[in-house]
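Working notes, structure below.
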Amino acid sequence: MIEIKGVHKSFGDLQVLKGIDLEVNSGEVVSIIGASGSGKSTLLYCINAIETINSGKIIVDGVDVHNKKTDKNKLRQNLGMVFQQWNSFPHLTVLENAALAPRIVKGFTKKEAEEIASKELNHVGLGDKLGEYPTRMSGGQQQRLAIARALAMEPAYMLFDEVTSALDPELVGEVLDTLRLLRDDGMTMICVTHEISFAKEVSDKVAFFHEGQIEEMGSPDQVLDNPQRERTQQFLSKVL
Amino acid sequence: MDNYVFHWNVVFDAFPQLLSGAFTTIHVSVLSMLVGIVIAVLLALGKMSNSKILYHISNVWIEIARNLPALFLIYMAYFGLGAYGIHLSPYLSVFSALVFINAGYLAETFRGGFQSIPSTQYSAAKSLGMNSFKVYRYVILPQMFRRIYHPMTNQFVWSILMSSLGILVGMNELSGETQRLQSTSFRTLEFFIIAAIMYFVITKLVLLVSGLISKKVFKGELS
Amino acid sequence: MNLFTPLSWSDTGFILTGIWNTVFISVVAIVIGSILGLLIGFVRAESSKSLNIILGGFLDILRSVPLIIQLILFSTFIGAMGYPLDPFVAGSIILSLYTMAFMGEVFRSGFNSVPIAMIKASRSLGMTYWQTVRYVRIPIGMRAVFPSWLGVALSVIKDSALVSVIGYMELLRTAEQLISRTQQPLMILLGVGLFYFVISYPLSRYGKHVERKMEI
């Protein structure tokens, strides 16, 4: 379970997160929606300690993420992250991309790592591209590679930061299909997304962010179909 | 008009000596690259560091190396240091000048190569649980190496060609040897033609080998 | 050891001649090298593969033999053939050809960097081939390669020092003679170094500035 309690985060004078409280239980899919700059992505980066926090606590499976003594590298093995710009490693093949971390972080042999990697790559539909270099593939394929690469570390949680925002429209579907697959597998997921209908379809919980705070949170029906707060209504009327 | 008769046999007889000169050319270039690379790494780190002192020291070295003629630096080493009682041999004068310049140019190459890798590569690798050392070793440095490989080859070729300035301080690399040999035999034209051909062949071989190595090591494409 | 002894008037005049000679031959080589390089770059960008290979091979040779060897070879050759030339003339010829070899590459990539879409657009507007060259390809291509062009030009200024080997009294050679006369190696060399630096550094900074602006 991931517990986020009273988290504040500033970049210099700019306050980005102003007191976030959120709980994500095992197997849940939580979607985070909101305008750009409302702090959604920053929250994800705070969960896996890519960013520090100014106050509050984030606890993943009982471990305080931002405690000085916490081994953050070890923590990140359990939190898979996929970015808006897939960030595939251009100097490695698809298979090598996914097998690298299992090999050098978890200590698997090359063969073992490649087995794990190919399993995940097959799962996301890239089984026939193992020897290709990412730069030769479409954005949608590279994004699925990024997902498989994160899955190869066998994390308990997956964090998705607007993973379809940088894709051409016709490629969005294949990535959303992959996310649906993961949901059906029972993966615990936090998705920052602009795809409202997708959020409604897969999520157990939806949180609407506004200027660094959670304005409204609840089930998809509650937040997306019957928003109580005015700002939520305004945001949804703009995007739908 | 054309009453110059070519006598090539003198040159062929002296070929072993020319080869030894070529060998000197190659080893002064190789050594100046190796030492230059080490210093260049330090200079690049210095220029990227937060310390103002390190930044300025590195920057001064880099800008002097990039803005002064190689021959000038060779003369500084050979004649200039003499004022302080330090008398460098021709080899060391040319060597130090080449090291100084290589370090300056390569420092900028390394710095540019490093900074051209998006910081998102670092975040992505860290998110997979890698510690900083592993991120640099497996993700950042391999990409950086691909970007600096070609400029480094060019710098090596530059060193080989510039070593020819040794002729002006009496060094025994290829040009200096050529000069010495032709002065005793008066077959200036023949000797320098052969020297030119030898430089061309050496340069081409270096580029060929470099290309082969790059095909073998960098099978992939860069972003 | 006296570090700074003031130079006599004749010595100063001597050094100034050296400075002038360096600047003059550099400018000549840069201008001629650029014009020839532009022509060659254009021809290479436009022509068939075989012509490209021949021209490329020729330029390659000029870039693969040390400048000093080219200078010695040329002056020896013309001497042996019975047509010796003044050091300035011989030096300018070789330095210009050497510059041309590098400028050719610079301009060729400049021409190749102009997007074909832009050329198609201008042809669609009714421009003739040569009009697209004059009004579209040269302005756009050259702007893109200005930093590289500047880099080659600054190298020429540094390489001009080598022309002393065939007897041209450029700055470094002048300095050398002055040193043996006055026995003040450090002061003179420092002054000469300062001169090269003052010419080269501001221009290279400007080039970097332009480069940065172009990336935006």
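In this document, chain identifiers A, B and C correspond to the written order of the chains, with residue numbering beginning at 1 in each.
Quick note on the criterion: contacts are C-beta pairs under 8 Å (C-beta built on N, C-alpha and C of every residue); 3 or more make two chains touch, one makes a residue touch a chain.
Note that the structure is predicted; figures quoted are calculated from it, not measured.
Asker: Of all the chains, which has the CA centre nearest the overall CA centre?
Answerer: B
Asker: Using each chain's Cα centroid, which is most distant from the centroid of subunit A?
Answerer: The most remote chain is C.
Asker: Which two chains have the greatest number of C-beta pairs in contact?
Answerer: B-C
Asker: Report, in whole Å, the distance between the mean C-alpha point of subunit A and the mean C-alpha point of subunit B.
Answerer: 47
Asker: Nearest whole angstrom, what separates the Cα centre of subunit A from the Cα centre of subunit C?
Answerer: For subunit A versus subunit C, the centre distance works out to 55 Å.
Asker: How many angstrom lie between the CA centroids of subunit B and subunit C, rounded to a whole number?
Answerer: Spacing between the chain centres: roughly 20 Å.
Asker: Mind pulling up the subunit A residues that touch subunit B in the complex?
Answerer: Listed in rising order, the residues of subunit A that touch subunit B are 48, 50, 73-77, 79-81, 83, 85, 87, 89-93, 100-101, 104-106, 133-136, 146, 149-150, 153.
Asker: Spell out the part of subunit B that touches subunit A in their complex, as residue ranges.
Answerer: Residues 118, 120-121, 123-131, 134, 138-139, 142-143, 146, 218, 220-223 of subunit B touch subunit A in their complex.
Asker: Per the contact definition, I'd like the list of subunit C residues that touch subunit B in the complex.
Answerer: That would be residues 1, 61, 64-70, 72-73, 76-77, 80-82, 154, 158-159, 161-162, 165, 172, 176, 179, 185-186, 189, 192-193, 196-197, 200-201, 204 of subunit C.
Asker: Which residues of subunit B touch subunit C in their complex?
Answerer: Residues 1-4, 63-64, 66-72, 75-76, 79-80, 82-83, 157, 161-162, 164-165, 167-168, 175, 188-189, 192-193, 195-196, 199-200, 203-204.
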